[in-house]
Every structure is written in structure tokens, then in C-alpha cells.
């Protein structure tokens, strides 16, 4: 439970003038759910992209099972047992859900070109086996209903689940989930929480996720890392991190309830809104004069 | 029963380019053929049989030529294929025809493959580009006292024939070909080719070019002050050269077999013929119209000679003792035999003078 | 001197490629489709100019202006009739459509009795004029091409960079749906783009006509302009010109110094070499999807 | 409407999904086998061309329709195959061995062309293949000693084991066998991991890569397979035409092949053959209909190009899914007959998104 | 009307009557009727695939409805060209961000103001949205496609504001935003509604936030509206509490989860 499956050492990456990730180190232990949180643009997705080798770090190293990931070409990552989902959903739009999931089985293919051209017995067996595995995942994530639909027409929420399913089909050891609950309603987020728990407990898959829904985060995470502007802000249990003043300041915010705000606004006797400065991700930004607008 | 010959009709097939790069020629050749066919039919046809032309478009594409030939031979069941335009196109279509014993009569291309290697079903009428240049070049070299002969030619089956003709001619004179350079069909810029020939100091340039390339090459030469003698093949012998190229084209030599039918031609029969053509098709005739006309004329003569019982064999028999006298366009006498399938390999030289082609020599004998 | 003269011929030929490539880039930038009909539009433009001068007897300048205007109108109509119905379909469909338009345009012109199958000269005032600069010979026809190409490039560049309309064109090509959401009249803008492209093509046709003559197949020169556009980077207007120049100069020099065959394939060899060293061309944006 | 109840996994991978398929495809096969006795020689020759172009179309379909890599220079592979075949058979190699060699050599050329495909996409790839097509054409024209240069070469009829397939009928059967084998192989491939990897690359390269698909390998493979099929088709083409020259493998040929896959229906195996039927029969139909038109139109030069272009435009406008798409609609209409809902195939407004980011 | 909150009037800005839209043979919404009154914030709740996005797309003309009619400010806009509808004063923050990836952030904002003619007003509004989201100012010259997910969402919202519309359709504005920014977004929404009198139709998964911020709510299920009421009252309903606010003790899904586990093993 305490061995590091993946460890990032002093990761930094720079895009032109933007230092998207700045000297970040963390360990993901075998069998845990490790969550990255942080304001928008903090560099969370970039960390994922570094792990899946879409970007190469400017400095720093990622080690996975004692191997340097930076030496691996991007397409090898899946074979090493790392699967991921994407923040903006990257499915194979013009294929059915079933085929999407079967593509997820790619790293487990056992057949060569010639045997496939003639569809020999071996290919047939391998195909049937792959389909067996895929059907299990379909059952697990309740996707029977959409099995044969073309992905392009599915609602956002379902597509999120299909993407998770596709990642599971690779039978990963480490699963990277980028905002799994975004676009899901409360009920579906609940489902997601259970699924993540099951993925961890039943399937023994280690999960590294980025998430903004703090309810979900506290429900399933073992440890949380908060980032801001590419740097580590805090790390610890969900509780610890959520009460960290820096995290509250940069990420969680202090206004609890919009309804109060609204009632104030309607009656016109609340604190003037212009006094509060919403900050879009950058703490360093100067306060703007938002009240000056008139039509 | 002979295919394509019925009690009152003889079916003649032709394949022309009606949509491709040589659509202009294709159309003119077809009109020329139609003109002669109508004349023959007005005079009662041949042994009571009217001539009927079925034409197909191959867009100057060999694959389409095969399809067209298959349609004509196997579907329309033509008696004979006449005046098919283009070398590669003929080469692609001939096997289809020969399988069904259909003669390839006077294709409009001056490639040697149209009568060589021998096949009893091949007949060709005009001097090849090869022979034209081979025979005309020595005469011009001597006349102009040329020291360095060069050639620019189109990088395809047509151009290479001209180039080979030039090489063969120079061999007889024991002269080397000083510079040779090529361009691709459709090219518009000849500056580096001209620069190359200029740098080599050529004083006679053999043009394996067609129309726009001829004008482009000569135009570029004149502009850069390069003024050798230019000699082209019969492909250059068209009124378009002086119409499009203007003054710069004066002095260009070309080999030719039949004369261009100018509407204001001095010779009365040609003028009459040209006017008739113009009335019928509402366009000026060209040398390709003459080719088409002559092809059907020869075909009609042979069919007439073959007699009432017209078959491929009787037609061949008639053709093989055929002698076609010179006509009003100044074609050379053409003779055929069971082993000689090219009517005549001779051509004349002409030159553009004051914006018009003038014949400047008789048939150049070797 | 030899080299210089060759380079100058290369530049003028390159400008011709560049001029046609401008049309490709214009359509690409504004609609993200590749128009295979650009060469044919150019041919139509040249024929329109010819018709103005010979059929209607217009003086040169009037004929030029009316040909450009007529072609612009034609472009708009073309968009309205055949492109608009499939607006939003994958770009590839539109590419095929432009191939079809090219066929029809070429065929229709060929069908015109007595004109279509012939080659014509466009009588321009500067025909066959030459400037002698030292020992160099400059062809006025080509100098006009060079000048016009430069001016057009600057105008189009400014439009895309600074005008709201130009930015909107790019916006609707990048994300049509979002463009609709912003209230950008995507259809009208598309019509405008095609009108503009046809006008540019007409200009190219009119400038090219004295050099290559007017005939139904003159549009095939567009096949050389593709490599030019790619060498420069397909989305870049200055790139189109630079690409054209590179292709033109390489052609001219290789025609002189290298064995036969290289001149004809120079454009294609250059483009392959370029794609190996710089996959997005000289000025093309380096694009990568952020996930 | 037919409902298919899924009871086991094998059902999904079966080629014929139900009895109807088995029946109709068997009927088609019988018809094709009986064709030499049913059709006049002329039509049989056309059918042979359809098969040949179908094979080439299958290759391009794999590349363009399933892997999403457009090639505007496919004629180069056709040419490579045709010339290999011509040269080898003229040297006396037996037909089958020459055919395999033609396929392999074209595949090798395909791999070379595929190399730029690893780095460029979209229009850049299109132009790269176009450029390659021109260069191959030039090589065929310049390599006189082997290819006969621009004068072209004659090709002997196919011969194997002392048996000459000269006649239309025996050559037809030869093409039929090759076409059937090629089609089955492609269908097999498409229901296997490799075929799915192709589709994945077409839809999203980034996530294909994150699923462990090695882009370079599969793109190259797709080019190689596609080129091999084109090469085999080219070899058959050489025998059918008996005369080949470099200009038969020019850009227009490449565009014809593209038209074939688009009109057939991008992304469907049926489409390759439907497109081939279209491509071959179109000029024939035009010339058949010429007789019924007034001479000004019917005999005018250029008519063929106009009709050709107009049909292409019509297809893109009204049937972007190609002939196969049209067939699917007709079939659905018939199957659901009294209950056919009008909106079923109503085209939704759709919106273009940048292809530059993929 | 500077600063003075505009009272919600009874006069509807937007009226949908019996609207039905479909994707090919699949009907996504069936007979939806709803009204948004001038100056109010209305919200549509519904689970995944209920058809919320489809309603918004139908309103802004991206999808043509099969049946029914849509009226905006007294004008029939059914099946009109989207550009026409936007010019009438309606703007839409689409699902999934949909920025112009290769345009700079500033050009994206300018495109948001495409329908406007007043240059000064546009320049002022750019400053205002930069005030809302300072990160956009920092990245003004960067290509929008390179922004992080949340930054793109901010841009999408800002872009819609740039049109200075009468009605904004917001499709899941908080998608992918940090908790802090989510709250701020709702503040901004409410403020725009209050200060400019802009009417807002909001679709949101975060039902709690949505109900708090809005005046009136509709509940959509399987393409039909099954419930509508003022938000205050909706919040009190048990079904809403259970299914949309997640306020049930041991998880609504407890039972189903057990079944699922069974099939998985």
C-alpha cells in the first residue's frame, strides 16, 4: 500500500512565456486514489500530459515502476499499464461505443497482420476474448443501452462514461482521470464516486485524478495535492488540504452560498458587489473595476 | 457476315479527343471526316451503301481509348476504325480492334508504330515525324550552313520521335547534336531551356513542340536575343502559330504534307472547299480538317475498289494495290502494298512569311 | 549574368505560381477548404476578359475591370448555388465539389462552338514589351505579374490581420458552430470569400493570358501552385509568394544546370524536401491540439 | 424491420449478419460466376474493368475512408504495379509470381510515400502524395531502359504454368478471384485490431496514441496495404490494356480514383465497387445518350467533362454518403416500408470544425 | 438604468410553444413549452441526455425544430438562421466551450462583439470582462486553443457577454471551473442580470447553484418538461431534493450499486 507506483521528481515544463508546471514532485502509491486540485490553469492537465508523454518535461523526471517514463515513446505508455481520460473528451466519434471500447483493447492484441487478413482461428479466439472483456466493462459501467450507438450522438455525460470505459478496457494499473465528474449531475456524480471506489477496491487499479467537485474528492481520495500556478500548494488528506488557507484563498473561495448574494442583490442592501473582486485563476492579477459598467 | 457492313450502310468508327488537351484537333478532324462522308453519301454512297460515322471521345486518355474501342468494336460493331487521334491512344486501342479483325485505318498520328511492326490490319498515311525531320533537316542544315544543331522537344512519345529524327539526320551529316533539352506537356515557361541552347551557341533548333510551346520557345528566344533557324515538324504546321505568336514567328520552318486551307487561298479548289467547310460547320478549316477529309476520301476509294462484297479481306486486298494520286491540298502520291503500309514518307518544307505559311520546297527526297 | 537572368526568369515564373497560390490560401484561410477549381476560375476570368475585348469591343481597362467584377459575381453565385447547400459538411466534400466545378467549367468552355477548343491571344497594351536593364532582359508582361502579386498580397494580408471581416472569416473556418453563436453571418461571409477568390483568380487569369494564351486547359498551371502554397505554409499569404518564388527559381536553375526532367519535377521535389524538414512549410503555424 | 438478437460474441464478428446476407451475397456470387454466359463480350470487358478498379478502390478506401489519409497520387501505385507486372511478364516470369512482386513493390513504394504521412496531415499530406505521384510518373518516363520511356510498353497476356489467359472470359475469372480474395481480406482486417486501429487514427490521433496505437506503424501499414492493392490492380490493368505508358498514371487517374471512393461512399467496402461501377459505366452512359441529344450538345467537345463534373457535384450535394449511402436509405425504406418515417434521413445542419487541429 | 435592479416583468422575452426537435430519427425533445420573462433568470434542470442542450440549440437556430414555434421579443424566430437570431439580441454560451482555437483571446472576444457597431463600447466591455477574468488579459495575445479547459470556459462566457445581448443562454457555464470560480461565475451571472437587466436562461448540472441563482425553474426528463415552478418552491420539493440536490442520507444509488457489483463479478 505504500510503495510508489509513480513518482514525479522536480517536474517543470514551459510553453513560451508560461511556466505551466514548476518544480512539482509527488508520489502516487500503489492502490490509492490520488487527486490533483487547483485553480484553472494551475497545470493539472499538463501534469497528465507529461505522464502520458504528450509533452516532454523541460526538466525533471517521472518514474513508473522503477522505469523512466521520459525514455518511453508516447504509444508505449498504454502498454505499460497507464490509461487516461481527457478533459475535453477525445473519443473516436464515428465509431460505435463497442468499437471504441474494443480499440481500448489494442495493447492486448495477440494477432499479426497475416492472421488477421485471413481471420484464422487464433484471430477469432482473440476477438471473442476481447469482446468478453469489453462486455464486462459495459456491464460494470451500465452502458448496455448505448452499446451500439455512434459516439457522436451521445449526450456529454454518457460520453464521459464511455471514455472511462475505454480506459478500463486497457486493463491499466494506473488510471488517470481528468475531471471525471464534469458535466455530470449530482446523481451521476454519485455513480462516478462509487465506480471510482470500485475501480480502486475491486479492480485494484491505482487512480490519479483531477477533479473540481470537492464532494467527490473528499469521498474517494486518499490523498490530495493542490497546485497553483504550476507549483505545489499543499498536499495531504482531503481534509487537510481543504482547510489549508492557501487552498481556500486560491481555489475554494470563501463565499458559500450564492442565494444569499442574490437576495442581497435583489433587495439592494447587501454589501456592494463591486467591492469583491473575482479572480480568474491568477492571484497576481490586479483588481478590476467591475462596477463601472452601465448600459 | 462482315461486321459493320449491311445492305445499305457501312459503319466507320473513330475516336477523337473531344474534351482533353487536343479537343480542338479532334473536333476539326471529325468535321473533315463528316464533310467527305456527306459528299460521298450525296453521290449515292458506295455500291449503294451509305457511310455512317460513329465517334467516341477518349479525352486523349489511353484507358478511355480502350473503353471507347471496345464500345465501337464490340457494341456498335464497326467495320473499320479510321482517323483515331493520338499515339498512346492508338497503341492502347489496337489490340481490341485486331482481336475482332477491325482495321486501324489512317490514324492521325505520325508515329512509326502505326505501321511497324507489320500487321495486316494497320494502314498509315502520312510521313512520320521521324521521317519528316530525318529528311528535311539535312537540307536545311546545308542551306543555312548551320554549325550547331540543337533540339527542344516535348517529353513524351511525340517529342521523342522528333528528337530521334534529328539524331538520325545528323548522323548522315556526321554532326553531333549540340544540345538537347525537354519540357513537360503543358509547360508555360521555357526560359531555362532557351538559356541552355543560347549558352550552347546553337544556330539551328529543331522543335519537338506543338503550338503554345513553339510560340513560347520562339518568343523567349527572340526576347533574349537568340535568333537561330527554327525547324518544326508537321505538328507545328498550323495557322495557330502565326495567329497567336504574331510577328515573332516569321521565319519558322515546318515540314508538312498537306497544305493549310486558308479561306483566301490562291488556289480556287481549296478556296471553294474551305468555304464549303465554313458554311457547314461555321468555323475555319484547318489542316486537321484536311486530314479527316483525306482519310475518308482514301477509305471510300478503297471500299469502292473492294467491290460489292465488302469485307475486311476484300478491303485489304483493294488497299494493297492502291495508289492514291496527289490531291488539291498537295499531298504526295501514296502507294500501298502487302508489305508497305505507309502511303508516303515524304514531306515538304514551308515557312512562315508575313504571318502566313508558304510552301518553300518540293517533296524532299532522301 | 547567366545566373542572374535565370533567377529573374525564375522570379517572374514564381510570381505566377504565387499569384495563383494566393487564391488557394485565401480560400483556405477563410473556409479551410482547398479549392481545386481555382485554376479553372482563372481560366474563366481570362475568357471573360477576352469576351470583353473581342465580343463587346471594350477597351483594355474596361474589359479588365468588367471581367474582374463579372468573375466576383460569378464566385458569389457559385457559392450560393453549389457550395452553400453543403456548408458545414466535412471539408473533403467541398474539395470534391471544387474538382467537379473544375470539370464543368472546363467542359462548358470547351463546348462553346469555335472558341472553346481554340487558343486565343488576349490583346494587352504591353504585349511583347521588353525592358533592357544592362544586359538583363526584363519582360514587361512578367513585371506586371510581379507588381500585381505584391499589391494583392499586401491587401489580403491586411484584411485578414486587421479587419473585423477578415478575422470573422478565419473564425468561421475554425469553428463554424461558434461563429453562428457569435452572430457571424457565416453564409454571407462564405459567399464573399468565394467572390473574392474568383476575383483574385480573374486577376491571375488576365495577367497570365499574355504569357500562356487563353485556352480551356490553362488552369492546369494550378497544379504547380499547390506546391508553392505548401512550401510557404498553406495558411500564410506571404508564404504563398515566397513559396512561389522558391519553386520558380529552383525550376529555372535546375532547368539549366541539372539533367532533363528535373525542371518538371523541381516543384514537387522541393515540396517533398520542405515537408521533411519543415512539415508545416516556411510560414505555416505549428499546430497541435491541446487536450 | 429486422431485429437481430445478440446471443453470443461471435455474432458480432460474423461477416454475414443474418440469413438475408448469406442469400443475397450468394446470389451475387452466382451472377458473377455466370456473367461470361449472360453478358455480351463488351459488357464482360466492362465488368472486368469494374473489378480491377474495385480492387484499386478498395485500397484507397482503406487509406482514405478508414485511416483518414487522403492520397492524391494513388495512380503512382497503380503505375508501379502495372510496370512491375509488364516488365516481369515480358521477361518471362509466370503471372502469379509477377503479380505478387507487383503488389510487394507497390507496397514498398507505399511505405516510402507513407513516410511524410507520419509528420504531415490534411492538405499537406495531399500535396505530398500529389508530388510523389508526379515524381513517379517522371521516373517511369525517364527510366527508358526498363520502362520504355514515353513510348510505353506492350504487355503480354498473363501466362501461368503453360496456360495462357488470353481470352476475355478467363481473364475475367482471374480478376474475379483476385477481387473476391482482396475484399475478404479487407473485411477480415476491418473486424480485427488492425482495422480498428486505422479507424482510431482517423478519428483522433491523440487518443489513438494514448490507447497504445503506434501511429507511425499503422499509418505506414495502411499506406503499404493500400499501395499493394493498387499495385495488384495496376498489374491486372496492364494485362487488360496490354499497352501502358507513363501518362496513364497521371494526376487525372489519381483524381478518378478519389472520385471512385467518394462517389462509392467513403468508409464502406461496398462503396469501392459501387464507385468502380460508376466510374466505368459513366463514360459509356454518356456516349450512349449522345445519340438522343441534339447535335449542338450531343456532339460538342467537352460534353463528357461537363456531365462528369455535374454528376460529381450532384453526388456531393445530394448524396454525400455516396452510392452506398443511397443504397442504405433505399433498403431502410423498403424494410420499414409502411412505417417509414420521413425524417429518418433528413440531413441535420452540421458545422465544420477546423481540421488543422487533430 | 445604471445600477438599478430591473424588476422581473410578466412580459415574456422568449416563448417556446410545443417545440419538438430530433436528430435524424431520434426525438430529443418532445412538445416543450416554456417562457422566460424579461429580467429573470430561468433554469432548466434535467439529467444527462434529457435534452437541455437541444432546447438551447433549437432556440438559437442551430437545430431546426420539427414542430412548434419559438418567439423572441415578440418576433417569430423559428428555424431562422443563427446569425439572424443573434443579431436580434440573443447570445449563447455553448456546451463544450467552442472557442476559436487559432484566434487570439482578444480576437475571440472581438468576434463575440461581431454584431455590434460601437467600437468604444466594445473596447469598454473588453476591459470589463478582463476585470472579471484577469487571466484573459494576461493571455490576450495567446491562441485560445492553448488555454486550459477552465480558461477556455471563461473565454466562452466572456465572449457571449461581449455581444451585450438581451438574453443569454448559458449551457453549463461552470463546467470545469474551480469551486471558487464557479461561485464567481454565478455572481457575475446574477450581477449582469441585475445591472444590465439581461435575461438569462441557464442550464446547469450544479442544481444547487442553479436553483439558488435563478427565479424560475423547469425540470426536463426524457425530452419533456415534467415540472415547473419558482425556484424557491422547487427547492422544497422532495423529488428535487433527492434527485437534483443529492440530499438523501445514504445515497440514492445504494441499491443499484449493489446490482452493478454483482454483474461485475
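Chains here go by letter, A, B, C, D and E, matching the order in which they are written, and residues are numbered from 1 within each.
Keep in mind that, in the parts below, contacts are C-beta pairs under 8 Å (C-beta built on N, C-alpha and C of every residue); 3 or more make two chains touch, one makes a residue touch a chain.
In UniProt terms the chains read A, E = ABC transporter ATP-binding protein; C, D = Branched-chain amino acid ABC transporter permease.
Not measured: the values here are computed from a predicted model.
K.L.:
Fewest touch steps from subunit A to subunit D?
P.N.:
1
K.L.:
Over the chains that touch one another, what is the least number of steps taking subunit B to subunit D?
P.N.:
1
K.L.:
When the contacting C-beta pairs are counted for C-D and for C-E, which pair yields the higher total?
P.N.:
Most contacts of the two pairs: C-D.
K.L.:
Which whole number of Å gives the spacing of the CA centres of subunit A and subunit E?
P.N.:
Taking the mean C-alpha position of each chain, the two centres sit 24 Å apart.
K.L.:
Averaged over CA atoms, how far is the centre of subunit A from the centre of subunit B? Could you give it in whole Å?
P.N.:
Measuring from centre to centre gives 74 Å for this pair.
K.L.:
Any idea how many Å lie between the Cα centroids of subunit A and subunit C?
P.N.:
Each chain reduced to its C-alpha mean, subunit A and subunit C end up 47 Å apart.
K.L.:
Would you pick out the residues of subunit C that each touch at least 2 other chains?
P.N.:
106-107, 110, 113, 116-117, 174-175, 177, 180, 216, 260-261, 264, 285, 287, 289, 291
K.L.:
Can you list the residues of subunit D that touch 2 or more other chains?
P.N.:
In subunit D, residues 141, 206, 300-305, 349, 351, 354, 356-357 touch at least two other chains, as defined above.
K.L.:
Which parts of subunit E, given as residue numbers and ranges, touch two or more other chains?
P.N.:
Each of 23, 62, 101-102, 145-147 in subunit E touches at least two other chains.
K.L.:
Can you tell me which positions in subunit B touch subunit D when the two form their complex?
P.N.:
Within the complex, subunit B contacts subunit D at residues 17-19, 23-24, 26-27, 55-57, 59, 61-64, 66-68, 70-71, 74-75, 87-88, 91-92, 94-95, 113, 155-157, 159-160.
K.L.:
Applying the document's contact rule, which stretches of subunit D touch subunit B when the two form their complex?
P.N.:
Touch residues, subunit D against subunit B: 40-42, 45-46, 49, 141, 149-152, 154, 237, 240-245, 247-248, 252-253, 280, 283-284, 287, 299-305.
K.L.:
Which residues, counting only subunit C, touch subunit E once they are in their complex?
P.N.:
Result: residues 164, 167-168, 170-171, 174-175, 177-188, 285, 287, 289-290 of subunit C touch subunit E.
K.L.:
Which stretch or stretches of subunit C touch subunit D in the complex?
P.N.:
Where subunit C meets subunit D, its residues are 28, 32, 34, 82, 85-94, 96-97, 99-111, 113, 116-117, 173-177, 180, 216, 223, 226-227, 229-230, 234-235, 260-261, 264-265, 267-269, 271-272, 275-276, 279-281, 285, 287-289, 291.
K.L.:
Which subunit E residues qualify as touching subunit C in the complex?
P.N.:
So the residues of subunit E in touch with subunit C come to 60-62, 81-83, 85-87, 91-92, 94, 98-103, 107-108, 110-112, 114-115, 145-147, 159-160, 163.
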